[in-house]
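Paired with chain B in one complex and with chain C in the other, chain A is shared by the two complexes that follow.
Let's look at the complex of A and B:
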């Protein structure tokens, strides 16, 4: 079972596909769940406090806006943990979205730079492309299992 | 509008690109709550995110910036029923700064809903936002109060600023007493300024029908003097400025250079529209001029006279920082610059910062009214006029702008 980081980080479809192939998705939803269920913090809606952008300094310098560093405080640890990654470029907003283009650039760079297996795809806009899209993801996830077995 | 309506919660649309990720959301909510306002996310159709860039005319990479534009559209079209708008994005993000400014202009141009904008860091606190939020809700809630153009009865205004405390006594639309003392202890300084003003006016404190307080110490003074009106300085100063400059009808721009921060306010018929409030660096404030005067060994009142005789471009100033800026001036003096040139450079530096940091965010419409203690330093209005190439009006008693504005607005309560 491999820990697979996904981009867009909150894509339910990618997260579901990874689970179906027996791996562990590393997604934003888990991070947000952990944040909002942390007892003792009252900073709705996401329970992100001024401390989080400071934690984000591990991934981005102080001159990088607080919103980017706050997001990186959630995403960065997922990349640290990742053993593989699936990146979908130019996705429709409904497929998953981080909201901030600068965070997207940094997130994708860190995932590519980590030296783990990365599958990079373009978002499908037709049925044929959609089938090809799912097939490629399936093959990639199966190859992770084979690597584990070998 | 009844008192009950005045006390109703104001709904402020939050148009932001993700303040909840920057750790400042609770501070924004807290500032709103303190002025009985509630931040709401304007509802819009998710599909509008696919078309908003071409509709708005601005293509951006960040989805949350598309969301900002779509929410602004919902506000303008009335699908989001709100009383005011708070547009905010991360400090240091160029893409967000472009969208923030254009969204603010778009709402201002296409609706009469008051709007303010702010760029935040994770260090932004509710206290920093309070004055801005209070001004926004006042404009939304108390338009009838702001429509007042004539002072009636016998009223007083107290303006507790960061550097000086001012008092004004007004009777039947005339200023009859004034006091101006340095701020040391907020209440004691106000007491002193008030006593001076009462004595000059020749009236007793018990005869005063209503008091208004403004400035940093407004809450403390409001409680101590049992004021009828406790109001932030953006609303009060813009009212005081157009009143003293006799420019109550039509557009005007008010610039208030205070001891600690500056305000640039776009006014229409005496009611503030867009405004910005600087306060990150003291290098753009009256405090810088005060320090320059001390370094030159002259009274602050003499600095302006020196400045109008000087040429600022003969002095090299390579920092806006209050510490390094003063250092530049000291170096210039050491290299033989005249006190006149140094004074002119100091005035130019303050004005240039206001131009670069604040006037870019509001529409400068003539007449331009310069107020606050720094307006009395002749070099400052001259430098501002030279920079903007327009005539700058410094109204009589411009240093008393807050106190006069408070006395004027408080007279609404004297009538009651």
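Let's look at the complex of A and C:
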């Protein structure tokens, strides 16, 4: 089983497809679960604490906004752990808790820069695009299994 | 699946099926008699409890219509004060917009998964080209001179 980093980091579709094809998705939800169930000073534990921007210094410089560094404290360890990545660009839905454009850029850059197999796609909006989307992900994930076996 | 230190997990089961309703999934969970907590929602169910039990139940639910039921992990358990709308004065919970947007794409993905399983060959996708600046300029000029 290969650990596959996904972007958008909380995507239902990507997380499901990766598990469906027998690999492990590295997603934000797992990170948040760890944060909120680990007993610390805060009660109840929060998903982002003032400590996080300090941890984020590993991935972004000190003059980078604390919001980016705080997010990178969660996303960064996932990229460190990743053995492959699937990046879905052009997500009009990258807002809400995903809505930091600079963090998104840095996340994609670090994943591409790591030298692991990366599949880049765009979100599907028609049946034909959906088919291409699923087929490409399927073939990519199968190729990871073959690499593991060889 | 990533194993958590506390041994618990919460999973979102999203149903995009013509034959299975969220209530069917919930009944499947109730029938399993495993000690877990479930919450029925408009899009499916949320299941929380010990990892092994949750994974077993989710597998059973997915088997109802495997290409049209989708699963992802959720960080917070259902009804958690930090996320639950009841304690935050209403409004969608953080992350719901993204989930809703992806739920809109699930019929496409489900259909594609059916085709993938049936080894239907992939056809070339023709994407509409982006509008060229020169053409846009022409349109603007023709509108202005009208």
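One rule holds in what follows: the second predicted complex is superposed on the first by the 140 of 150 C-alpha atoms of A that agree within 3 Å, B and C clash if a C-alpha of one lies under 4 Å from a C-alpha of the other, contacts with A are read in each partner's own complex, and residues count from 1 in each chain.
To be clear about the criterion, contacts are C-beta pairs under 8 Å (C-beta built on N, C-alpha and C of every residue); 3 or more make two chains touch, one makes a residue touch a chain.
Just so you know, these numbers come straight off a predicted model, no measurement behind them.
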First (chain B), second (chain C), both or neither touched by A:76: neither
Which superposed partner A:54 touches (first chain B, second chain C, both, neither): first
First, second, both or neither for A:67, with chain B first and chain C second: first
Which superposed partner A:10 touches (first chain B, second chain C, both, neither): second
Which partner reaches more residues of chain A (counting touched residues only), chain B or chain C: C
First, second, both or neither for A:123, with chain B first and chain C second: second
Doubly contacted residues of chain A, that is, touched by chain B and again by chain C: 44, 46, 93, 97-98
Partner chain A, residues of chain C touching it in the complex: 1-2, 4-6, 8-10, 12, 14, 70-76, 80-82, 94-99, 101-103, 105-106, 108-109, 111-113, 115-116, 120, 122-123, 125-127
Chain B - residues contacting chain A, complex: 17-26, 29, 46, 49-50, 60-64, 67, 89-93, 95-96, 120-123
Residue numbers on chain A that touch chain C, as the complex places them: 8, 10-13, 15-17, 19-20, 24, 26-38, 44, 46-47, 92-93, 95-98, 123-135, 138
Interface residues, chain A side, partner chain B - complex: 42-46, 48-54, 63-71, 74, 93-94, 97-102, 104
